[in-house]
Structure formats: C-alpha cells, structure tokens
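Structure in structure tokens, see below.
Labels for the chains are A, B, C, D and E, by order of writing; each one numbers its residues from 1.
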Amino acid sequence: MSWILAGLAAWLVGWWSNVMLARLPKSRATGLAVPVIIGLTIIVMWECFVRGLEVSSVILPPPTAIAARFAESTSILWEDFVQTVIKGALTGYVLGCGAAFLTAIAVDRFPFLQRGLLPVGNFVAALPIIGMAPILVMWFGFDWQSKAAVVVVMVFFPMLVNTVQGLQASDRMQRDLMRTYASSYWQTLFKLRLPAAMPFIFNGLKIATTLALIGAIVAEFFGSPIRGMGFRISTSVGQLALDLVWAEIVVAAIVGSAFYGGVALLEKAVTFWHPSQRGRA
Amino acid sequence: MSLDRGDTGVTTETVISAKGLNLTFQTNDGPVHALRDVDLDIQKGDFVSFIGPSGCGKTTFLRCMADLETPTGGAITVNGVSPEEARRSRAYGYVFQAAGLYPWRTIGRNVSLPLEIMGYPKSDIAERVERVLELVDLAGFEKKFPWQLSGGMQQRASIARALAFDADILLMDEPFGALDEIVRDHLNEQLLQLWDRTNKTIAFVTHSIPEAVYLSTRIVVMSPRPGRITDVIESTLPRERPLDIRDTPEFLEIAHRVREGLRAGHAYDD
Amino acid sequence: MSLDRGDTGVTTETVISAKGLNLTFQTNDGPVHALRDVDLDIQKGDFVSFIGPSGCGKTTFLRCMADLETPTGGAITVNGVSPEEARRSRAYGYVFQAAGLYPWRTIGRNVSLPLEIMGYPKSDIAERVERVLELVDLAGFEKKFPWQLSGGMQQRASIARALAFDADILLMDEPFGALDEIVRDHLNEQLLQLWDRTNKTIAFVTHSIPEAVYLSTRIVVMSPRPGRITDVIESTLPRERPLDIRDTPEFLEIAHRVREGLRAGHAYDD
Amino acid sequence: MRKSVLPVLTVVAAIFVIWYAAAVWLNAAWAYDRAARAGVELSFSELVADTWSQDKPKLPAPHQVAVELWDTTVDKKITSKRSLVYHSWVTLSATLLGFALGTVLGIGLAIGIVYNRVMDMSVMPWVIASQTIPILAIAPMIIVVLNAVGISGLLPKAIISMYLSFFPVVVGMVKGLRSPGVMQLDQMKTWNASANQTFWKLRLPSSMPYLFTSMKVAMAASLVGAIVGELPTGAVAGLGARLLAGSYYGQTIQIWSALLMAAALAAVMVALIGAIQRVTLKRMGMAE
Amino acid sequence: ADEVTLQLKWVTQAQFAGYYVALDKGFYEEEGLDVTIKPGGPDIAPVQVLLGGGADVMVDWMPSALAAREKGAPIVNIAQPFASSGLMLTCLKEHGINSPEDFPGHTLGTWFFGNEIPLYTWMGKLGIPTDGSDGGVTIQKINFNVDPLLQKQVECATTMTYNEYWQVIDAGLTPDDLVVFKYEDEGISTLEDGLYTTEEKLADPAEVDKLVRFVRASMKGWKYAEANPDEAADIVLENDETGAQTEKHQRRMMGEIAKLTAGSNGTLDPAAYERTVGIVMDGGVITKEPEGAWTHAITDEALN
C-alpha cells in the first residue's frame, strides 16, 4: 500500500514540477528537463507499482532489476548491439534509403514509372513485415544479411514516397524560373528540386530510422546466429529472464531515439531555411 | 529578323511579334479564353507596359513570349524565332510577380544561380553579382538569406537576378507590386536609367496607371473575358523623365486616356 | 471616456488614444523597435490613414489597438478602456491584409462565422449576411467557395465579414493592396459612403498616397527604425468626395505634402 | 485515373515475369537435389515445370498462390476454419477496433500537445521512443498482462494494433491542428472567440487533410499490429495464425496467400479511407 | 461446474490429443469440470500465463520448467503423461555425419527457448566445443520448422519424432537420406510434456480437488487416445482453429505420440526426474538442486 501511495506521490511531484518548468521561458534546459522528468516519473511509478502490487518478476521486473541486469550484461548488450544495429539495421538503412532515393529519381524522370510503380508500390508496402521476415530469412540466410534485407524492404517505400513527393515540392514559379534559364534536367534537379525536396527526404529518413531498428530486431525472431537483440529477447523470454529482455528493450529505445535525434539534427542543419525549422530557432 | 520602317522614320527591328494569338485553357468548368486574337509588335528598345483588370491575360501573354505557355492559335516570334528557340538561346530575363528566391541560397548565390546555369566563368560571376546588387541598392546583403530580408528587398534581389546575365529582352510581371510608393518611385527611376543606358527591350505588366505612364513608350490596355487588347497608347513623353514629370499636364492627359480605356473594358465583377 | 473640445469647436469623443506608446520585439538578431514614443488620438467618426515605408510599424500599431500585440511601454486605450477589454466587448472589426477566408466554408458561411461566434440569433445572421454581401457587390455568391472567386472578390468578402457585426471601429490593414486600380476606386467610393452613413471610426493602413488622401480626414505619416510618427496631415477636403476630386489642385496639394513627408523619413534601404 | 492503367499493368506484368524467373532460380536447388537422389538428369523444361509446381517451394509461383487463394476463399464456406475469408475477418475486426482506438488516442494526444504546454514539451520524445520498442517483443507480455486482469479475445490484439497506429495520427494531427496561420488565429482573437470555438471552427477543420493522410498510414499499421497480436495469442485464428501455422509446417504457399490477402486487405481499407477523404473534403469545399 | 484453464506449450496438434479427447468425450464434464484449452505459440511462455492467472494448469517441458522455478516462478509438476522423450537430431546423410564423432566442423540447428539445453549438455559430454573454436560445432538457432535443414542452412536439425521428422519425409526425403540421433538413446533425454501448476494452488484444498479431477480425466483421455489413435487425431483436427492441420499428418503424429505416453499412468518417475535435473544442471541452466519441483500428491489421489 505504501508503495502505491509513493507511486502516486511521484506522479504528483513529476507533474507539478513540469507545470512549474513549463511556466518558465522556453529554453534549451527546460526543453530537455521536462521530458526527462516525465521519464523519471514513469520509472519511479513503475518501480512502486511493481513492488506495491507484488507483480512477479517473470511477468514484469522492476526498473531497478532491469538496471542491475543492464549493468552486469554490458558485454552481451554490446555484442547484440553490434550484430543488430550496426550490421543489420544500419546496412539495411543505408542500402534501402539509397535505393529508394535513386528509384525516386528514376520514377520522377519517367512519369510512366511513376504512374505504374507507385500504386503497385503502395500495395507491396502493405505486405506485413512479420510475414516477409521469415521468407527473407529463408532467402538470405541467418546472419545479418537477411536482417538488412528486411530493413531494406521496410524503409524502401516510405522513403520512395517521400522523395517522389519532395521532388514535386518545388512550386510552379520556381520551375518556370529554371525554364526561363533554359536549364537542363540535371541542373534543375540539383539546383532546385533536390534542395526543395530536402524537408520531405528528411521526413522519410526520420520515419525510416525507427522502422530500420524494429525491422532488424523483429527479423531476428525468425532466425539468427546466437547473438543479436531480437535473438536475445526471444530466447530470454523463453528462459523467463525478463530483466534481460527489458535491458534489450531499453537499448532499443535509446538507440532508436538517438538515431532519430541524430537524423533530426542533420535535418536541422540541412533544411535550416525551411519555415518549420526557422520557427523553432 | 524582320526589319521595319517605324513611324519615327528610323529603321527599327521587331523583337516580339504576335499575330492573331489565341490561348484557351481547358478547365473543369469549361474553356477559359485567356487570350483572343491578340496582335502586337514590339520594337527593339521599346518599353511596353501592359495594364488591365485582373484576369485579362497580361501574365498569360508574357508567359507566351517566354515560352512558358503554348498558344492554342496564332503565331508569336521572339527575335524572329519561336519563343522556344529564344528561350534556349537565353534571349530574355524574366521577373516574376513574387520574388521567388530560393530560401536555401543566400542573396548572392540566388543572383548567381542563372549565371552558374549558363556556365559563366567563376570570376565573372562574382563580379556581375556585385555589380547588379549594387544597382538595386543591395550591396552588403550577399550573405543574407532571403527570409532575413523584407519583401521589398527580396523583390529587388529578384530583379537583380534577371539583370545579372546579358539578355536583351526583359519580361517583368508586376515586379513592383509589393513595394511602397517611395521605393517604387526609386526603382522606377533606376529601371528607366538602365533601359536608357542598355537599350533593352522591356515588356512590363503593372496595375498602376501612373507607373505605366511614367515608364513606357507604349501602353497596352487589355480587357478580360476573353482577354484581348482594347487600346494601345503611344506615349508622347520624352525619353528623359525626371520624377516630377508626373505632375505635368501631358502626363495627366495620358494617364486620363489610360484610365478611360481601362474603365471602358471593366465590368466591376472580378 | 474623455470628452474633448476638438479644433472644429464641436464636442468630440476620443475613441483611440495612444500616449508614449513603445513596442520592442525581442528577436534573435537583437531587439527591433517597431514603435517608439507614438502619440495619437483618434476621434469618433475619424477616418485616419497610416502611410509609411515597409516595416515602419503601421501593422504593429493597428495590432496594438486590436490587442493582438502588447505594447512594451506607454498607454493605449480604445473606447476609453484597455484594448483587451475593447476586444472582449467586440468593439472593432479587423480586416487583414490577406483575405484569410476559410476554404472549407462558403462565402456566406465565412461572413456568418463571426456572427456565429458572437452568438447572434440564426434569423438575424441570415439577414445580416445578405445585407453585407449586397454592400460589397457579392450578392448571389453566398454558396461559392473562396477558391471559386477571384482575389478581388475574396478581399471584398473579407471586408463584408468585418462589417457583418456592429462594431463602431473598423481597423483595416491594406485591405485593397491586392486589387487593380479600377476595382480599388470602386471600393474606395463604397467605403467612403459606408463611413459617411454609419459614422464609424476607421483606422486604415495603405501604401497608396492617392488612396490615403482620397479617403481620410487625417493622414498619419510614419517612418521606420524606430517606427514613429513623423507627420500628421489634416485633410481639408469636404466629406462629400466624388472620384474626380482627385484631379483638383487641393487634392494634389495634400498628396504632395504626404509625398514630401514620406520622402523625408525614407532611407531607400529596404 | 485511366492514364495509369497501362503503366500499372506493365509494372504488374514485369513483377510476374521477375517472380516466375525468381521461382525457377530459388527452387532449382531443391529440384536438382531431388533429381540427383532419384538419379535422373533434368532438362530445362522439366526444371521449370518442377520449380513451378513444388509442394513446399522456397518461392511459390504466382499461379500456385492464386490457386491456393481461390481454394481458400471462393471454394470454402466463409464460416469454415479453412476459409481465408474467415481468417481475414478475424484479423480485420481486431484491425478496425485497434484503428479506432489508435485514432482516438492519437487525436487526444495531439489536442493535448497543442493546447497544453507541459504536454507539448514532454510527450513527443516519449511517443517517438515508444515506437522504437520492438512490438513483437512486448506483444506476448501485453497479452499475458491483459489476460491476467481478465481481458482477452479481441481487445488485446486491438490494443497492440492501437499501439502501432496512434503514432502517425499524433504526428499528423499535431501538424494539422497547428496548420492555421498566425493570421487566422489572430482573426479568431479579434472576434473574441473562446478556445472551444477556435478548436471547432478553425483548428479542427483545417487539420482534416492531415487527419486523412495519417489515417491511411495508421490503417496499414493497425493491420500489422493485429497480425503481430495474433502470433502470441496461441495462433488461434486470423491471418497471423495462418502465417505462423504456414511457417511451422513449411507451407510457403499458405504463407504467401495469407500475405497477399493481408496486403489486399490493407489496400482496400486505405482506398476506403481515400474515398471518405474525397467525399468529406469535397463537401467541405477543400477539394476540387 | 468448476472452471479449469489449460495452457498448452504449442499449437493445437496431436501432441495434446489426450486433453482434447477428454474434452470432446466429456471426461472433464463427468468430473464436474468446465475446461478451456488455450493453444500456445512460439512467443508465449506458458509460465507467464500461469503466473499471470491466465491459466490453472500448463503443459511444459521439464528443463524449461526447472529453469523457471529457479528464476523464482513457484511452479510444480503434478503429473507426467509423457514417459519418454521424442526429441532427436536429424542429419542429412550427404553431409557425412554418421556418428557423434563426425559432428566437429558441422552446423547443428536447434530450437532455443530452453530446448537447446539437452544439445549443449550432449556436446559437453562428447567434449565438443560449441563456442566456435577449432574442432567444435557451430550451433545455430532455428525456428520451429525444418526449412533450414532442407535448404542446407544447417546440416543437422532438432526434430521431434512425431512432427518435424515427418515433415522432412513429406518434403520428399526418404529415411535412407537421413541419419537420426534420438536423445533417448544417447542417454540425455529429458522429461517432456508434463502438467504444472503453482504452489499457491497446491496449498488450497479446493484447488487440489479440482486438479485431482482434472488429472484423472486427462489421463483417461490419454489412454483413450492411445487406444483409438485415428479418432483422437480427428478430434484434434476438429479443435484446430487455424484450419492448417491435415488428417494425414495428425494421424501419423498420434501414432508416434502414443509411443511416448505408453508406459505412463501420469505419475512422475522420480528416476527420470533425477536424470533430467542432472542434465539440466550439466547444461548450466540451473545451478542448484531444485526442491519441491514435483509432487505425487495429485496423481496419488487421482489414480487410486
């Protein structure tokens, strides 16, 4: 009972301090502090409720147990990280986004492709990944290659659609201007349409970050060497080592957020000129 | 290239010539006759203004000259060749109604954009950019981004961009629409000087009667539905035009004629 | 509510009064003094125009009256109370520079929007919408969507929207900027008639000298960096003003004064 | 619309050609293996015939999948457990419930973010982090936990599907609710409109295009979520169960037919939203 | 009637025929029980369901049950319908593996989820390293199907006598193409499908009574299934919600299952238990001798 009260108290304190912080003028520090406080509040409440309600640790371990496990398993976590994120997700991300980008340019160049490929592409993109993953594992083997293939399939269409849309984002006047200069296709592409497409391209790249990570992990559920985050999660569930499962999930969340944040920073640097970025200066 | 005998008795060269030009847009609500049987010859060194109510086809006509629209009937030549060939030989500079600068390029690099595309040498580019920015009073703003400048400054940068390369023809679509009167006066003066000095041929769309009268050698009055030319008024003003020429009876007389022409073609319903 | 003795010898009522008004925007590039020590009284029934180069603070001043900006110094009252209270009591109608109609509402429902918000009864709304659309020559367009109308018609709809409810004050920020001269003349006439008939108090921002002179009882000339009032010109024109009053020497004289005032405060650099 | 028929057909035809060729290539090893064990030589035409008709191919040929689809949809009573229509319905019902929950949650969060400063500053990073968690990993735990508190059947699946579908809605709706410009908001202010009036008369209508776009993404995500949710529920019924069962017994043809069925389901639902979008926006005057 | 929920370890198939027969034939009803059978799946850990309150009894393999117990899950074996193990390693002859000595240098595929333990123990006994060093084997995690073996991604794969082995045969290979190693024969067999419940329930006489009736009816079902394999297989088919199982496969599976349940009346054989514990401890999955992991209380009561 006291644990539960403590949990409720944590919630009140967290909320109250955020309300206070939000009243302060907006700054980098408050912008960071508010989400962090929310996170801490959730963790403290989790701990209190798990203890207060005596939830079995084979169902939901408390954050302290997860942290302890995290600390003692860093070498396993690192090995899994390298296997899943570096080899699987990143390779697939680069290949998938790169291929989608080039395809988008081809699609844009040949309207025939655009009218034919995009509707079919939308259908293919609707193939659920859980179904694709075992097939790709069957085709590309157990190691990271099949994970990269899954990631390629997952990121390809969001990236393609965004890039194609972006390439059409320049307005008519801007394109007419290029025409008055008798500018060639490639000149128009590099000097107008690609820069104008950047906000859209980054939109695709951002969506692709979370997809890449999830894709690589999920694919490992369907066959993997005996390392990798997905492998560890699925085997540890079987061994009821839920603290390790959650440690891996924590790694996934941190890596995913960092990946996303990194791309968002890059976006800020590249599309500094776009109103959506300028507004938040 | 057709050589004509102009009415001034000097040999003139027809730069833009439209004969029976027609342009119909097919829209969902049926066809829109943007231009109907338009005939017009523009001589080398002319400063022709187009004035008329909204939707009368001024922009469309300019875009036909620039090969941004394809007429559905009639003939148009620019420098004696088709608009497309003229565009390919970079015969004209075009100033759009909105500034249309690229937000990811600085002012300097916006102005240098056409030069890069046309393959001017690097050193030449820098020199030209400096010169035209000077011309529009924007020296020192090379490194700023468009969104860091006021609307008027952006518009001036866009004019500089069209002046940066050596086109003999300048097509300007309400370039000063967004500016306040004083700045507008100032740029009007500058444009007249430039025209006088370089002997460019200028086609200029405006909504302002005084501006049209002040700048032009000829004023083309248009009326809508379907877009056609209702009046062409030759200016009797001298080439040399100080700002206060606008208070002379001659000026007011021309302005009055233009206003009458406009009112005749106006339906009040746009 | 302060009652003054006006110079005409009649009792007048001050509707808007600014004393030592200051407004500084904090931006990334440092503070921008949009308004500096602005003093102005507007009497009931006045038609005051604000003119000045871009960025001189005309819009900002109007927004202060409307409680859309909060001054950083000085005092301003509207109808004798704070702008916020005036806004809450729906004391004024505001016409923005762009029409800003809602694309998902028909013209009729755009005009009725403020009435719905203010809780007018249904029957009253229909009747008012009809009346104001008539006023701006848009009868019969109730059922159209904004994008089915030309820019000028949209602008008129937006004026109708501000007139639909009974505000004694009208704040208009370059309402006719986007229109061609003929339509503009027409709307100028209509606005004058409306003002004459209803005895509204109007604050009007414009870039056009003739427009300012034609419409106003008083013309406020402003200059930028920092934004301040440099001249206030009382019009000697009669209340009754046919369009051709613009060709009278009296009119040209006032226009000349305004132009001089403007030129004095102008720096040519924006 | 009509203009895209030919290109689409061309692309589809190209896919079939590639597919058939890939089937030969991927299934050849097994065909050769079996021939070798039987001690016979395979001619090319025999090879092709064999690779297009294997029982458990690495990649089934399109016609094999088509036959299976026909058999399991048209030839079976739709109430039969062997009918793909039955399984599609099981998945679809969870998808629709999850989609509805996700849309409501997404809109709710977006409203919170737009109107509440604390939420504005704190929610988004966590929403993004939530999407980096591999759902497949926690789906079983969600099911078990919900089971423990007595919730079973449709709801656990729908909750997993909601988890995947609320994200695009939040992102789109935050954008949409913020799409009115400063001027439009100022206008509301000049009329002294209440927060409620501003929401219903300005923010919500202007967010409609964004809402529909994100609902399309959310619908596809919901379907994936429902399938994920079916895997650990004991693979009882539904397209997910078909995928899983197909995988246990090496029934690649069954896997592919379930896959294509799922994609078709998603496509139909997305097209449906598109149709609603067109009608709504047209009635709102926002589309021509 | 008293409600009892049974959580299976795997999808509906003849492996669990006894329970479905007991349900279908009304044996549970006769005992005054209203039984719900929940199929399992690859990602469902029955222990979690049991502890979460989603089930009263579960079917599990002893190694994973022991591991869970050491992790703090208070679960107890109350009956053991399967007397022997159906686990084996199936190799393709073409890879040149004829005896355990041939393993080094080859890739062995196994299921994880606790099923890898016997394999590791076996390799430990044979002295073959599994960490990728020279002279060792590569252990590969595979899913619950035989594709990796057929597609030569592994050279040997874990199979069950009653299921995956026959899938290999169905794929077109003959027993001559294969070499099989039964764990039972290698002396490393562990106890498979047993019934488990929580200590908490065992402390409650009312629950115990329910369990007794449940085990009695279940064993009656098993014995009926053994005697009528084809009918049992058909009952299983009827209960398969996925509609993916085939009659041929289920009937054959039932035949094999009957061999594993034969010789057990449901009572756990303490010797087999000790052997399983030994193997699991050798595998390092549990570190200390479990206590109270099984009880005869239920079976003694049920079968007398």
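Convention: a residue touches a chain if its C-beta (ideal position, glycine included) is under 8 Å from a C-beta of that chain, and two chains touch if they have at least 3 such contacts.
The UniProt protein names, listed by chain, are A, D = NitT/TauT family transport system permease protein; B, C = NitT/TauT family transport system ATP-binding protein.
Since the model is a prediction, treat every value here as computed from it, not as a measurement.
Colleague: Which chains does chain B share as contact partners with chain D?
Modeller: Shared contacts of chain B and chain D: A, C.
Colleague: Along the graph of touching chains, what's the shortest path length in steps from chain D to chain E?
Modeller: 1
Colleague: Counting contact pairs per chain pair, which pair wins?
Modeller: Per chain pair, the contact count peaks at A-D.
Colleague: If you average the Cα atoms per chain, which one ends up farthest from chain B?
Modeller: Ranked by distance of C-alpha centres from chain B, the top chain is E.
Colleague: Any idea how many Å lie between the Cα centroids of chain B and chain C?
Modeller: 32
Colleague: Measure off the straight-line distance from the CA centroid of chain B to the CA centroid of chain E, and report it in whole Å.
Modeller: 86
Colleague: So how far apart, in whole Å, are chain A and chain C when each is placed at the average of its C-alpha atoms?
Modeller: It comes to 51 Å between the two C-alpha centres.
Colleague: What is the distance in Å between the mean C-alpha positions of chain A and chain D?
Modeller: Between these chains, centre-to-centre, one finds 18 Å.
Colleague: List, in ascending order, every residue of chain B touching at least 2 other chains.
Modeller: none
Colleague: Find every residue in chain D that makes contact with two or more other chains and list them.
Modeller: 58, 136, 140-141, 144-145, 148, 231, 247, 288, in rising order.
Colleague: Give me the residues of chain A that touch two or more other chains.
Modeller: 59, 134, 138, 221-222, 234, 237
Colleague: Which chains are in touch, pair by pair?
Modeller: Here the touching pairs of chains are A-B, A-D, A-E, B-C, C-D, D-E.
Colleague: Which positions of chain A touch chain D when the two form their complex?
Modeller: Touching chain D from chain A are residues 15, 18-19, 21-23, 30-31, 34-35, 37-39, 59-60, 112-117, 119-120, 122-132, 134-135, 138-139, 210, 213-214, 217-218, 221-222, 229-230, 233-234, 237, 242, 245, 248-249, 252-253, 255-257, 259-260.
Colleague: Within the complex, which stretch of chain A touches chain B?
Modeller: Touching chain B: residues 173-174, 176-183, 187, 191-192, 195-196, 198, 271, 273-275, 278 of chain A.
Colleague: Hey, which residues of chain C end up touching chain D in the complex?
Modeller: 63, 66-68, 87-88, 90, 92-94, 96, 98, 100, 102-106, 113-114, 116-118, 145-147
Colleague: Which of the residues in chain E end up touching chain D in this complex?
Modeller: Residue list for chain E touching chain D: 8, 11, 38-45, 48-49, 52-54, 143-147, 150-152, 167, 170-174, 177, 240-245, 249.
Colleague: Which part of chain C faces chain B closely enough to touch in the complex?
Modeller: Within the complex, chain C contacts chain B at residues 52-55, 137, 150-153, 179-183, 186, 207-209, 247, 252, 259, 262-263, 266, 268-270.
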